[in-house]
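The two complexes that follow have subunit A in common; it is paired with subunit B in the first and with subunit C in the second.
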Partner chain A sequence: MNRLLTVAIIAACVLFSLAPVFAPYDQNEQHREEANRPPTRVEFRTAAGAPGWPFVTANGRQFPVRLFPRMRHVLGVPEPAHLFLFGTDEYGRDIFSRFLYGGRRSLLAGLLAALVAIVIGFTAGAAAGFKGGWLDSATMRCSELFLSLPLVYLLLAIRALMPLQVGEVGAIALVVAAAAVAGWPRPARLVRGVFLSAKERPYIAVARSLGATDAYLISRHILPQVRRLLWTQAATLLPQFMLVDVTLTFLGLGEGEPNATWGGMLTSLRHFSVLESHPGYWFEASLIGVVLFLFQFAADRHARNVVRTTIG
Partner chain B sequence: MLARGLYRVFQSAGLLLLISSLWFLALSLAPGDYFDEARLNPSTSAETIAKLRDTYGLSQPLPIRYGRWLRSLAHGDLGESIAYNQPVSKLLAPRIRNTLLLTGTALTLSWTLALALGVWAAAGRNRLADQALRGISGVLLATPELVVATLLVYWAATTGRLPAGGMMGEHGGGFRELAIHLALPAIVLTAMAFPVLFRHVRLAVSESLHEPFIRAAVALGISPARLWWQYILPAAANPLLSLFGLSLATLLSSSLVVEVIFGWPGLGPLFLESLFARDTYLLLAAVVLSSLFLLAGNLCADFLLLWNDPRIRKAG
Partner chain C sequence: MSGNRLALCLFLGLRALAPGEAPVQRGGTLVAALRAEPKTLNPLTSLDSPSREVIGRMNADLISTDRVTQSPVPVLAESWSVSADGKHYTVNLRQHVRFSDGQPFDADDVLFSFQAYLDERSHSPQRDLLIIDGSPIQVRKLDSFRVRFDLPTPYATAIRIFDGLAMLPKHLLEKSFEEGSVSKAWTLSTPNKDIAGLGPFRLKEYRPGDRLVLERNPFYLKTGQPYLSEIAFLFVGDEDAQLARFLSGETDLMNRVSARNVPVLRSRGMTVEDVGPSLEYNFLFFNLTSQAAMPGKEWFEKRAFRQAVSAAIDRQSIVKLVYFGLATPLATHVAPSNRRWAAPGMSAGTASPAKAREFLRSAGFKWDSEGLLMDGSGRQVEFTILTSSSNAERTSMATLIQDDLKKIGMTVHVVSLEFRSMVDRILKTHEYEAAILGLGAGDGDPNSEMNVWLSSGSMHVWNPQQEKPATPWEAEIDVLMHKQEVEIDFDARRRLYLRLQQIEAEQLPIISLVSPHVLVARSARVHNLRPSILDHYTLWNADELFVTPAAGQSEPRR
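Then we have the complex of A and B:
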């Protein structure tokens, strides 16, 4: 089960981070004549019924699916045939390609957010645990406050500071800012706990008596103890902030059209025209749900395993 | 105990002031205001817009605006909505009622379920059910509710089994209409809140089950009913009462998104709308009110904690 999850997560990461390679088309490429098409039928059997190389039928002719048809592209079919694995939207854009590009941007936003939250959380937690005193109590009160505030309201408050229209960079910066405000408290509290207990240990006193500096103590003796904890926290933060990115774009507060976003794809599910002209759209939406579920589920499982192995 | 209670009330009031001030600052520093869009309209002259901004006090410096807003807030006046041209309190009243109806239903449902199932799972009579419940809560915890809710709306719209949004039927309200409109959003919210609550209930009860004083009570031959109601559950209640406040925060936060998805006419959609329109006073009022709910919930949890635990009472 764990191995299966790991493989799925790695596959998803590769697929999304190399979206331009795996997507047959660019996310914004429009095929005006081909709007609202159902998925292209890819056939694996010849007319005689024998299994063969997959092909696509267009204008009564058969076009084989090509591997590496162009530089840096994995899949494609020659014109005038099209390869719309999930069909097209109302502008004739390939939904499969948009799904991959949307995944790439949510993944990027989630990774940056997790990184920022971990860096701030580690710094704050280490300072609080190592120095103690007023710094410690101030950090802890602060983290309690941010833990108890509702995340979506916090998100909207940060959003209110920005202009109404934000571009790709602005939208990702928004997710990162949300992580900087709401993501750091939990890692900070855990890191603080480790530092608090570590700094009282005899080996720290011995190292200090031998002339070790604070920086040396932290990097050599305490950091190895929190490394695993930081990884686990990062794994939990990643899906959380991917979901934040999807929520923001869903509410229309993130990046708008034309670039593909998962939130935007989910929003279009609520339009009557989509219900009418694209009945299969629920599939793409569910796939987004499945990917988000996998990331979160794997992170939860990982966290529980870590707890089980460290506590015994 | 009274002193401690008063201290908590004052602390909450201070926090409320802090939150609203931060929001006021954020909104004032943000680029643009409500009349930005009017400026694009060639038939509205610059003088008209300037006059309008004067009327709504938007042209005054920040400290003065903030002072005036605080003073009217102290008098119970939440200001006027620029977009709706109505007093904010009039706009918010029905929205608050609807949000409370939805979150209240979800809160009751999720806590009832979590308490019943958590105690049952912790009692450990049925290993299989315990495993199954833990599995289900693990799956629910990882499920992105935004996607599930959207798919539910799609399902409702295509099959027509349940209304896809809103709160009233064609012929207005009535209990039945309200119930079927409430069903989907309330189920989604309950499913979001349940797994966390279930895990905590199960953990707290199973921890208190293994306390030495429980074994002593069993050895003394105390009846099972008394054992549960007077020994095990009160001992497990402390962390759960603190959790109550936190669960309110998450519920309020997720209710905003769920309301938008299901078109439930609560605070959520209004909040979003006023954010888009830069309808400052409406937005601020919504922030203050939702913070008020949150603080009131936390305050309730604190008082329940004081009531439940004599140790905290004495220490305070």
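Then we have the complex of A and C:
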């Protein structure tokens, strides 16, 4: 199970990271004559019923699916045929390609945000736990304050401080800023706990009596204990911040059209007409759910494993 | 029975027997949906659409505009005459007309109504209509059923002033008027007995958060009408929710259907009527206010730039992809459906990136090695279009335009804002570069557009409320609009308005895009519906509508 999960996560990460390669089309390429098309039917059997190389049919002719038909694209079919695996949206853009591009962007935003939250959380938690005193109290009260802030309102406030038009970098910066403000308290509190506990251990006292510096103690004796905890936290925060990115773009607060975002794509499903007659959006919405679930599930399992091995 | 009433009864009887039409049935409830709860039931102060939809069914005007023929028809007036100089209107009122509380209506109510509309304390949005050339219309009572209106100058559409001005009951509102609190009268919490109108229906019940029910006015001026016993307005927030309730049989009408929902309705056998292009026009425009607020964006002031943008936009794609073919491309703001005023021979044409490039080249723009457009001083041409986040169609238009303009090297960003916030940026702070808006006059007449075309107008969106016209062509438009306002001869007025459209097409202060069709949906149990391109599209003849039980059931599920 763990191996299967790992393979799925790695596959998703590779697919999203290399979206321009795996997507049959550019995310913004419009095929206006092909708007709102259902998924292209890819056939694997010839007319005689024998298994064969996959092909699609257009204008009564068969067009084989080609590997690297265009520079940087793994899959494709020659014109006038099209390979719309999830169908097209209202502008004739390939939903599958946009799904991959949107995933790349959410993954990147999630990773950066998780990294920032971990770095800030670790620094604050380590300082509070190791130094104690007023620094510990101040950090913990601060973390309680930030934990109590509702995330959506926090996002709205941060968005209001940004310029009207935000591009891809700005939108990712928004998620990272949210992470910096709202994401650090949990890792900080956990790291503080480990530091507090570790610094009271006898071997730390012995090392200190032998002249060990704070830096030595932290790097040699405490950091190894925190490392697994930080990994677990990073794994937990990644899907959360991916979801933040989806939420922002869904609310229209992140990057606007034309670049693909998962939230932006999900907004189409708010319309009754789309819900009823465009199956491509269902594929995309379901897959977004599955991917986020996979990341969350993997994080939970990882956390359980850590707890089990630590206790065991 | 008077001759008129006898003729009316005969007419109604013959209509009842007309082949292909269901015989008139009395009684029953017609259920419609409102996007929001009405804010008031006071005709003096109502501004929001839900309030006006309800108030329109509860009140009547002296002279109304027929929603199908767009000609004036008498309602509370029996007849009217105009003096030779066009400055004096004498209106003969119908006799034996009663308010919905049974009190008689006469010239005193007319005088009181105009007094209330004109009083500044009433804060009535209609007041401006009654001020012509800086002076208010004078209203005089000739006798109990004759009223004279004196205009300071001839006014081209004087007769249309009477449309949309509900006549108010003096006996109910006089006290609050004298106290200066008439604008606060007739709220949703006012007892039913204290509200009366001359329309076909009167208030029966208001359930906050759920519905507002009107019942038949037993004193309505048309004998035997309305046919319906009640109209129930359900408060249903958005169109998708309205669609779901319509499909489930909870409502009988959809007053305006988006094109995207037409296939859904038709696939389920529902009747959707395409009434034709509306008077609404969607357009793109640039911020032409003082350049101090817009450093580096002097391109927008170049006519060739605007012409290039217009030439590059593929309006046919907007019609096809955004409106599923149920819209009409526009060359100017006047939709072809407005036959009296549309300029003949002006068509939107097809998109031409090549022509757009020619315009840009002629204005000194260049393209870099990557195909990006640069202005004469080497700055990349890049701007942001604002759209309303609550209007999916306009956001889609912006996305298509973004792609069209990319083909000529322009980098365009699209930002969707909450509508109010967008309007504030456009009209108040001017913190924007370009925007897509839609305007829809309630009337096809040019006078309803005064606020948009006069350089001093608050809706002169590209550069509102100018102290004096910023450009010679805006000065010419001001002259044209003022002239047509007082010109009584229709042909002369039309010539003036055609010249305005010519200037618009040349200067492109707004780049007209498309006019969506008016699409209405009704259940099979609703009869006599005659949808119009003028608001209210479906209930304007509520007094003639009737319902029959749907096949296989006595009453639809409520």
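To be clear about the criterion, the second predicted complex is superposed on the first by the 300 of 312 C-alpha atoms of A that agree within 3 Å, B and C clash if a C-alpha of one lies under 4 Å from a C-alpha of the other, contacts with A are read in each partner's own complex, and residues count from 1 in each chain.
Throughout what follows, a residue touches a chain if its C-beta (ideal position, glycine included) is under 8 Å from a C-beta of that chain, and two chains touch if they have at least 3 such contacts.
These figures come from a predicted structure and were not determined experimentally.
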For A:A47 in the superposed arrangement: first (subunit B), second (subunit C), both or neither?
neither
Touching A:E90, do we find subunit B (first), subunit C (second), both, or neither?
second
Which partner, subunit B or subunit C, is in contact with more residues of subunit A?
B
Name the contact category of A:L164: first (subunit B only), second (subunit C only), both, or neither.
both
Which partner chains sit in contact with A:L4 here, subunit B, subunit C, both or neither? Use first/second/both/neither.
neither
Looking at A:M71, would you say it contacts subunit B, subunit C, both, or neither? Reply first, second, both or neither.
neither
So in the superposed three-chain picture, is A:L243 touching just subunit B, just subunit C, both, or none of them (first/second/both/neither)?
first
Which holds for A:A35: it touches subunit B only (first), subunit C only (second), both, or neither?
second
Thinking of the overlay built on chain A, is A:R270 touched by subunit B (first), by subunit C (second), by both, or by neither?
both
Who does A:L210 touch here: subunit B (first), subunit C (second), both, or neither?
neither
Do subunit B and subunit C land on any of the same subunit A residues, and which?
164, 252, 270, 272
Which of the residues in subunit B come into contact with subunit A in the complex?
15, 19, 22-23, 26-27, 29-32, 138-139, 141-144, 146-148, 150-151, 153-155, 157-158, 245-246, 249-250, 252-254, 256-257, 260-261, 271-272, 275-276, 278, 283, 287, 290, 294, 298
Subunit A-touching residues of subunit C, taken from the complex the two chains share
240, 243-244, 260-261, 263-264, 314, 317, 320-322, 384, 389, 392, 395-396, 398-400, 402-403, 413-417, 431
Which residues of subunit A touch subunit B in their complex?
145, 147-153, 156-164, 239, 243, 246-247, 250-253, 266, 269-270, 272, 275, 279, 281-282, 285-286, 288-289, 292-293, 296-297, 300-301
Counting only contacts in the complex, subunit A reaches subunit C at residues 28, 30, 32, 35, 90-92, 164-165, 167, 252, 256-258, 270-274, 276-277
